[in-house]
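Let me begin by handing over the structure; questions about it come next.
Should a chain be cited, it is by its letter among A, B, C and D, assigned in written order, with residues numbered from 1 in that chain.
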């Protein structure tokens, strides 16, 4: 879809399913002369829940931007018991990247950032190692080395949280960051920390998934991008992809091939997050089209 | 999506895009107490055309089935200048299969038919050869051998058309039928003849695409299912898929691997057609989700 | 690869890796004027094991067929400490199919069988249900209904084994057979029982994998064909493939899409087995090209 | 495969097929105590041509490196009429990159280069525009802006050729370079210029393939990496891959999704070229495993 619209609004909605929901929301937009740019909805019949995403042009929309939330709440959300979020495309999200030693995902993120593929700001990179500082410097991005050990993790996370606040960060991307975040940390960024795991989850969670895949003799390997929850490698999946392998591929070949999967899968997850196309419900991710 | 609903209605709509279309259609359904089962819409910004598919439960719908068309036309379609089609799921489509000598697509179609995967009737198989009669007989389906030569094609098509009328056929599947239909024949079943071509169109149209793919040294081969128009292998594409190959694959390997592609791709196209999820516009096929 | 050669021999070899193995085997074939049709080898560096498959034309080969094994053993295998198997393509493998109630894999197997895609005999179908008897009868294949309960499994397997012996069966295909074979049964057909599991193993072993995949919210589902060992769903994998899904797919959609994966993946595994392209080592399957 | 071997040799061979070729080559290596690391062969039955690639460890090999070519020529190649190339892994290939305005392929190439994924030197980037100079400077690589118009192309190519000679370049990668090279230029680097084309060739050659794909309504788009010959977009294909699309994807979405395909497909082609796994024959590329 076009991202060329100068200024648009996005509504993400969910509520118990019932008749007339699409009609109610679209009528609200139509009554204020809204030009719908993208619209998608889904009913989870197993849970009887309705989900909807609508994006509309604010050019010509007859409600002032600062009154949309209140009007929508009174006219639609309250009567119909909707849970909703409202975003304006003019507000550019601010993203922090956490890395360790592997460069490929960070390279890919920064290439997309610098070539303008994403509408995002990346003011901050945090790492538990020094290795990727030169790469951050190529792009003039603040790089903070915060070592983490089992004993120092609470203090390290305090430092991280301060940096995130200072830089006014909206969401975090773990670009092959090899430390486990505490539940406390995760709770501060619900559905706002995106991880890339180097396997087709739920197969091969934890460390060294390529070794496990090799030993198991699988004929397909994968990568999984998901929101981080307090349970390691079990958060709601945003994106997955796979590639065929065979008995000739040594572990190092799986690692090499997997790198390309990891960076592509992570970038698709970030894209969907940036487009406000994701909505988490019951540990599954709705990814609107 | 569930196909378990006993009786539902499906609307396919397209019209010039403007504000309020989704609101108007969904309000029509809501006002008559319609429970929307599936809904999807798309705006082709290049042509400024709006497309929509809505499926709703007729249980509890407060318009009698035989008045829906008229009411929709007066209340919505005429004022808004919509082009539309209305289907009822209780009307089971009747499909004819045209074949020549290759069995794999017919096998696959009949397996799905006999195991109830599709809601369809298949009362008629027509072939320009005798080869597949035994297979038709396994499933107790009328099999008509109508030889076709360049000189006899008009008469052959007359016979075919009579059989189609006699069996009250709604749409035709060319399951590796190796004869080209005339423009006259095609004109009688617009967007109602589904072909499977054994290449990734527009690459390798015409005869012997696997030989061409081999000679070209491609690393991927494909299959394409499309609606038949008067231009050979140029009709609007419904479904495509591909498989990786390499220099080791001889033409006969491509043929063998391609068979699996052909039957799967054809079956997906038939599934979408049966679900009334396809809408042809400007030689492209909208395939609603 | 061409299957048009009237009569060929196939050697499958493995042994500790060392220098000169390819030279020794290919020289043996060359010295007897053998025309190599296919050759592939692999070194598992982690285990330091050499694997090789060679297929050669027996036309013009200067060793009589009945002396090849002995000569190869004396001249090559004994001095070099090779483990090997020898097959002749004129000996057509005899395959039994075990099924329960799902028809799609059996349909696909029988379609390939009857259209001559595979060089195999299928004289026997065994099921713990009556449901698929009509399908077996379409193809005139013996169908034996052997009910299985926890208590009667030993007796049921005795009956099965007798039928397998009577029909001189070489290998067994479990085409969605929903009973677990005992270790005793499995031990009688090592690397000769092929199962299709309806998930991307090791994710979602056991029953109802599509339900588990739905609940987990995966974005890709798979199917896995493997040799059966005494550990359920853990045997060496022969073939896997996957398909993308999303939050819109209900369990029944996963089941429907999965059926196509299952039958294609199973058929590829059977193809490789029939071509003598598979060799099991340390719970992994070498699949020669 | 492992790239950890300090110093190895690679032979690429082709010749008319006949009996005993594998035996002859592998015996030559065995007689000099060569430890084969990788070996692959293929017979093109349509053309009756034999192809082989062998890589062996030079540690312990009993022929001095500077005598291998002569010995092989006398002992094997001349008697058997082989055409062959010999490479030593210690000689690191030198690659030039030609670019225009699109950054994504160059980003990807430089990321792999700087993180040591490839064993290659990249001393030179040439462009007909200034746009990507800052990116080249991030990696301290010589960047030469050589404008090209129809009239100045001969002079421009002279400048390019001089730079290639000065930098001792072995092969060239066209990373979305939007100028057509002359036949004279191409003739100087046979099978040594790698292009990435943004479609699944032979579909949509020439300019604006994403627009053509959109207009055609294809359900799959692709990218193709090939060696450049004097016929535009018709050189022997090294690597292809595809991604599914649908009617919702505007041209700009195809462009965005295609970028990821382009960079991955190009990188796989470069990898195979660097590993000396490619051999061109009759406008098809053998890609050894």
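Worth a mention:
The rule we apply is simple: a contact is a pair of C-beta atoms (placed from the backbone, for glycine too) under 8 Å apart; a residue touches a chain by one contact, two chains touch by 3 or more.
Every value quoted in this text rests on a predicted model; they were computed, and no experiment measured them.
Counting C-beta pairs in contact across A-C and across A-B shows that the higher total falls to A-C. Where chain B touches chain D, over half of the residue numbers in use are shared by the two copies, so each contributes mostly the same positions.
Taking each chain's centre as the average of its CA atoms, chain A and chain B sit 37 Å apart.
Note: centroid distance chain A to chain C, computed from Cα atoms, is 42 Å. Residue positions 2, 45, 244, 248, 250, 289 of chain B each touch two or more of the other chains. Those residues of chain B whose C-beta lies close enough to touch chain D in the complex are 42, 44-46, 200-204, 214-220, 222, 236-242, 244, 246-248, 250-251, 283-287. Only residues 1-3, 103-104, 107-108, 111, 114-115, 117, 138-139, 248, 250, 252-253, 256, 259-260, 264, 267, 289 of chain C touch chain B when the two sit together in their complex. Chain A makes touch with chain B in their complex at residues 2, 19-20, 22-23, 26-27, 29-30, 33-36, 39, 41, 45, 244, 289.
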